[in-house]
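Presented sequentially are two complexes of chain A, the first with chain B as partner and the second with chain C.
Our next item is the complex of A and B:
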C-alpha cells in the first residue's frame, strides 16, 4: 500500500477515529486504524470498538493499493505534529508503516489488516436526511436521562421513533424521563423504532456540528450515520423499550410558568446543601412564591425562593435536585412550564409541546 | 429375681465418682493442679508420659499435709476447703467437693508424697486402684508430689474411650495452658517424656504470660480492656478480628481465677464485635472476672466447668460496653501475613498452641525451623530466666535483671522473630530494649497510631481491589466490601433518623411470591417501608414496588426481597433492631459496587474517602476485611532488605 494525502484532512479524520477506541481493549488490533486502498482514488480509514465503528474516505494520490493497520493514536499524534501539507504513507510487506512528510521519516509498527473486524453492511435500508444541529439538539435534550444500570439494558440508550413524519426521542432511567419531538420532518410512510446505545449517542453528539444534513440509515440491527466522507455504524440495543406514554401524566392540577435560568439557579444554590446520603429538595408553592429548602443533618440547611405566578393551594413536593438540574441545563428555552398534581405523583417540565420531562417525586421527609 | 437394696461400698462409689470427675488425663491434671493452687504453691511442675496415660506427676511447693490429713484426704468427701454448707456460697478455693483425690486414686496406681513446711519428715502414701498399699515416712522438701500411673488400669471400659495419644496430649496441654493463664503469679513447668515444654516465669502481668504461651506476634493482635462495677470487676484481652477462629476454642474465661465455660459471656463478647466478624467466626479473648463469690454458683457440675450467676445483667452490659469501646478506639486493619503467620493460623484453628521457642544464640540457624515447630519437634524451652518469686512489677524486674548479655541476645532474637510489628528503630541499648518489652507486654495496641490522612490512591486492580499508599506502607481495599460498609452505615443512620431517601420510580417492579413467602414478606412490609422501599400488596401473590432508595437498582431490590424472605425462614428473631441490621446489610450488599465493576479514579477517591469516614471501616457488615495492609517493614522483609 502506498499513497499520498492531505495532512490536515488525515489528522481530522484520525481525531474522530481514535475517539471511539477503548483504552484497554482485549483485542490489541482494535487500537489500530485500518487503512485500505482499493482500485478507486480513495484511502479508507476505519476504527471500531465493536459497538460503534467509524469509516472515513479521503481523497488520495494512489501509488499502490493494499491494506494494513497502524496504531491509531500514534498516527493521530504524528500527523498532528508534522510540518508539511502532504503526507506520504507506504506500508512495507512486513506491516511497517513508513510515513514521510517534508523532511521527516517515521517508521511505525503495524499489524496485518486481514483480522481487523469490518463494519457491518447495512442491509434493507431505510433512510432519512436530517440537519446535524437538529439531530444534535434532540440527543442533547434526552441523553442525560439514559440509565447506566446495566441490569435493565433496554434503558441504556435513547429510544428513537419515526412515525407519521414526526421524530420522537425518549430516554429514561426509571426515575425521570425525557422526551423530545420534532414534527413533520420525515417521510410520513416511514416507521422506525430503535434503541441507540448511549456510547453511540455520545460519540455522535461529538461529531455532529453545523447545518449540513446527515443521512440516517436504518437496518434491522444497525443504525448508520452518513455524511460526505464519514460513515458511523452502530449496533442497536435489542429489546422492547417500556411503554413510556403511560408514564406521562395526561393532565395536571397546577401549571406554573418559570424562568428557566432563574429556576435552575435557585435549584443549584439550594442543592449545595445535599449530598449522596440525603439528596432531596423540597419545593413549596404558595401565594406568588416558590420556596426551595434542603436539610441535611451533616451539612446544614438552606432556604431560598423566587417569585412566581401562582394562585393555587399551598403545595409541597420533593425532588432529587440532580434530576431537576439535568433537564434545565440541557434546555436553551427562556421559559419552562412545571406541571404538578400531588406530592406523590410525578412532576412534569414542559416546553411547548416539543419537550416533556417527567420526574418522579421523593417521599417528603 | 429379687435383689436386696444395699449401700454401695466405698470402692464402687469412688469409681462412680471417678466417672464423673475423672474423664481423661487432662481432668486428672486439672484436679491436681487446682489442689496445688489451693495449697498456695508458688511453683507447680507437671510431668507427663505417654500423654498422661502412663504417668502424670504433679509437684508443688505448697503447704503440704500432715500424715493424718493426707490419709483423710483420700477419703471420699474429705476436704480442707469447706467447713459448713454456708461456705459453699462464698468459695475462695477452686476445689470443695472432696472428690478428686479418692476418685483418682480409685482408678490408678497412685502415689502421694507430702510434707508440711515445719515438719522434717513427710508422708508417703501408695494406693493401687483405691486400695491403700503402703503408708510410710518420706524425706521430701515441703510441698506435695502426686504421681498417677497407669490411669484407668482397672477400668478397661473407660480406657477404651480414650482418644488418640495426640488428642489426649492436646487436652492436657489445653488444661495446663488454661491453669497457667489463670494463675500468672505461679511458676508453671510442663515436661513431656522428660522434655521441658514450658517453663513459665511468675508475672503479675497477664500479657506477659500470654506472650510466653502464644508468642509475641499473637500478643500484638490483642487489645486490653477492663472495667469495674459494684460487686464485680474484670480485665483481659480481646483479639483483633483478624485473629478469630472458627470455634470458641480461643476463649478463656476465668471467674475468680476459676476456669469456666460460659456461653452467655461468650455471646455477649461476640455481640460486642458486631459486624467486625463474619458469621461462624469467633474472637479470641482472655477474660478475668472477679465477682463476689456469693453471686455465683459453681456447684452445677462435678467438673465445675460451668458456672451460674445469680444476676448477670450488669456484668454483661458493662462487659459489652467496655469491649465495644476498646474496639471502636482501635485501628483494626488486617495485615497481610507472611507465610509463617498463615501456618500459625492453621495451627490455631486446630487448637494447637504454638510454643515460643527462643533458641540460644549458638543454635540460631535452627531457630527458624523450630519457631513454628509442632509439639513433637519442640525443643526444651530456654525461656526468659525465671524469677524465683513473683514480684510486683515484672517489667521493672526485667529492667533490673537485664545486665545479663545472654538475656539481651535472647530478647533480640524474640524481637527478630516478631514480624508483625517490630518497632522500626533498631535496638540500640538496654534501656531501649526494656522499653520495647514493656510496651509489648503492656499490649499498648500497636495499630493505634494508624491514621488515614495522606492516603494516595494508586489505582484499581483486577476491577476488584484498590491499591493505595499510606504512611505505613501499602494498603489494599476490597471495593465491594468497602462500599458495603459505607452503604451499611448510611442506611443504618438514615433508618434511625428516619431520613432515608425514597425515590418514586416510573415503572413499578412486580414481585411474585407463593403463599409461604408472602406471609414472610407481609410481616416485613413496615420494615421495608422504613428503609425507603415503597412496597404494597398487589393481588393475591404479587407485590408492587414503586419507590426505592436512590442507591438501589431495580434488580437489586428484588434480590434484597429474596434475601429477606430467605433470612426470615432461617431466623426466628422478632427483634426490630436485629431485622433493621439484617435488612441494612442486605441492602448495602445488593446496592454496592461489585467485584468486576470498573471504577474511575474519582469514584475510587470518593469511596476511600467515604470509607474512612465510617465508624468501623475495617470490615464489611458481614465481618470480612475491607482493608489489608503491608507495612514498609514487612515489604522490606519480603525483599530481604534487612
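Our next item is the complex of A and C:
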C-alpha cells in the first residue's frame, strides 16, 4: 500500500477514529486503524471498539493499493506534529508503515489488515436525513440523563423513536428523565424505536456540527450515520426501554415561569454547599420568591433567592442539585417552566411542548 | 499521633516464650498446611518473610524459623490493655486495627513538654503496661502521622512539626504515601516520578490533567494535607465475609449455595448497621493461590440478601471455574446511609423492606440460619464435607 494524502484531513479523521478506541482492549489489533486502498482514488480508514465503528474515506493520490493496520493513537500524534501539507504513507511487506512528510521519516510497527473486524454491512435499511445541528441538539438535551449503572443496561443509552413523522428522544437513569421531540421531520410512514448506546451518542455529539444533513440508517440490529466522507456504525442496545410515558405527570398543581440562567445561577451558587455524601437542595416557593437552601454538616450552609411570579401556597421540595443543573445547562432557551405538585411527586421542567424533564425529589431532611 | 505496635503477634509470642527472643518467629499457618503469614518478627523479616506471604514460601525462605499458630484471644487481650493505656493520654483514640491506633493529642496535657517528649511518654507507658515496643509518629494530621510512624521501625519515634510537612515528605518515595496502591505507583512511575518531592513540584491542575481525579488526592498527599478526623468509632467502609474450604472444590452449584449464605450474612450486617451498599465484590482464590476479584457497581444502594446474591451470582457466573476453588468471599462496599432520593420507576424494594424486617426478627429469635434463601441450601448433601472456615 502506498499513497499520498492531505496531512490536516488525515489528522482530523484520525482524531475522530482514535476517540472510540478502548484502552483495555482484549484484541490488540483494535488499538490500530485499518488503512485500505482499493481500486478507487480513496484511502479508507476504519477503527472500531466492536460496539461502535467509524470509517473515513479520504481523497488520496494512490501509488499502490493494499491493506494494513497501524497504531491509531501514534498515527494521530505523528500527523499532528508533522510539518508539511502532504504526507506519504507506504507499507512495507512486513507491515511496517513508513510515513514521510517534508524531511521527516517515521517507521511505525503495524499489523496485517486481514484480521481486523470489518464494519457490519447495514442490511434492510430505513433511513432519514436530518440536519446535523438538529440531531446534535436532540442528543445534547437528553444524553446527560443516560444511566451509567451497568446493571440497568437498557438505560445505558438514548431511546430514539420515530413515529408519525415526529422524532422523540428519551433518556433516564431512573431518577430523572429527559425527553425532547422534533415534530414533522420524518416520513410519516417510518416507524423506528431503538436504544443507541451512550458511547455512540457521545462520539456522535463530538462529530456533529454545521447545518449539513446527515443520513441516519436503521437496520435490525445496527444504526448508521452517514455523511460525506464518514460512516459511523453502532450496535444497538437490545431490550425493552421502560414505559417512560407513565412517569411523566399529566397535570400539576403549580406552574412557575423562571428565567433559565438566573435559576441555574441560583442553583449553582447554593449547590456549593453540597457534596457527594449530602447533596440536597431545598426549594421553597412562597409569595413572589423562590428561596433555595443547603445545609451540610461537613461544609456549612447557604441560603439565596430569586424573585418569581408565584402566588400559590408556601411549598417546599428537595432536589439533587446535579439533576437540576444538568437540564438547565443543556438548554439554550431563555425561559423554562417548572411544574410541581407535592414534595414527594416529581417536578417537571418544560420548554414549550418540545422539552420535558421529569425529576424525582428527595425526601426532605 | 499514630501508634503502631512492632511485629505485634510475633512480639507477643516472644514475650510469652522467652526462649524465642532474638529468633525468627513466624505467626500464621503452620508449615505443611495451607495458609499465610500473619506476622513475622524482625529477625524473621531479615530472611525476607513478611505478612500475607504463603506459609510455604516463608518456610523455604526461613526453614529454621519458629512457626507458631495465631492465638487471637491472647493478642486481643494484650491489644485491649494497650488501647486502655492510650486512652489515658487522649479522650479521642481511634482504634485502626488490633495493633494500631490514632490519638488526637491536640491540647492534651501530654504535649506540655513538647511533642517529642509526648511520644517518649506514650511509648514508655505502652512498654510499662505490656513490655512491648511501639513505633510512634506525631504530625499535624493522621495521614502524616501514619507515614511518620512507619519511617523508623521498630521502636521508632518521628515528629513532623507543623510547617515541615513538605520537607519531611520530600525525600520519600511515592510508595510510602499511604493510600496510594501498587497500580497507582506504577502509573506514577510511568510518568518518571519516583519521589514525593517530584510530585510536590506540580500544581494541582497539572496533577489532575495527568492523573484525573486521582491527581487531586496526590496533590494533597504530596503536601501532607489530610482533613480526616480522629474518631473513636469509624463507621465501616465495607462489610464482607469469606469462606475457606477444607476440601477444594469446583462444583458450581455448591459455590452458589455458599455465596448465597455469605450474601445473607452480609445483608444481615448491613441492615444491622442501617447501611446500604452500591458495590458488590466477589473474591475467589483457586488452589493455585491465584486470587481474582470481580466487582459490580450500581446506582441504587441495596442491603437485601437476595439482591446482594443476584449481583454476586452474576459475577460468579462470569468466572470460568477451570480450577479448584479454595476460598470464596463477598464484600459490600460504597456504603451509605439510607438514600433520600426517590425513584421514578416503581421498584419492588419498598415491598421487600417489610419482608426483610420480619426475616431479621425471626433470625434474631431463632438464629441466623433459621430462615434462609432457597439458593443457600446445599442441594447435593454428599458435597457438604468437613466444616469450612468462615472469616470476616
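Keep this in mind: the second predicted complex is superposed on the first by the 365 of 365 C-alpha atoms of A that agree within 3 Å, B and C clash if a C-alpha of one lies under 4 Å from a C-alpha of the other, contacts with A are read in each partner's own complex, and residues count from 1 in each chain.
As a working rule, a contact is a pair of C-beta atoms (placed from the backbone, for glycine too) under 8 Å apart; a residue touches a chain by one contact, two chains touch by 3 or more.
Note that this is a predicted model, so its numbers are computed, not measured.
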item	value
Partner chain in contact with A:177 - chain B first, chain C second, else both or neither	both
Touching partner for A:361 - first (chain B), second (chain C), both, neither	both
Chain B versus chain C as contact partner of A:28, first or second or both or neither	neither
Contacts of A:297 with chain B and chain C, given as first, second, both or neither	first
Intersection of chain A interface sets (partners chain B, chain C)	149, 151-152, 172, 174-177, 242, 247, 277, 280, 320, 344, 346, 358, 360-363, 365
Residues on chain C engaged by chain A in the complex (per definition of touch)	296-300, 311, 336, 340-345
Footprint of chain C on chain A - complex, ascending	147-152, 172-177, 242, 247, 277, 280, 318, 320, 344, 346, 358, 360-363, 365
Contacting residues of chain A [partner chain B, same complex]	149, 151-152, 172, 174-177, 242, 247, 276-280, 297, 320, 344, 346, 358, 360-363, 365
Residues of chain B that touch chain A when the two form their complex	490, 493-494, 497-499, 501-507, 532, 534, 547, 550-551, 553-556
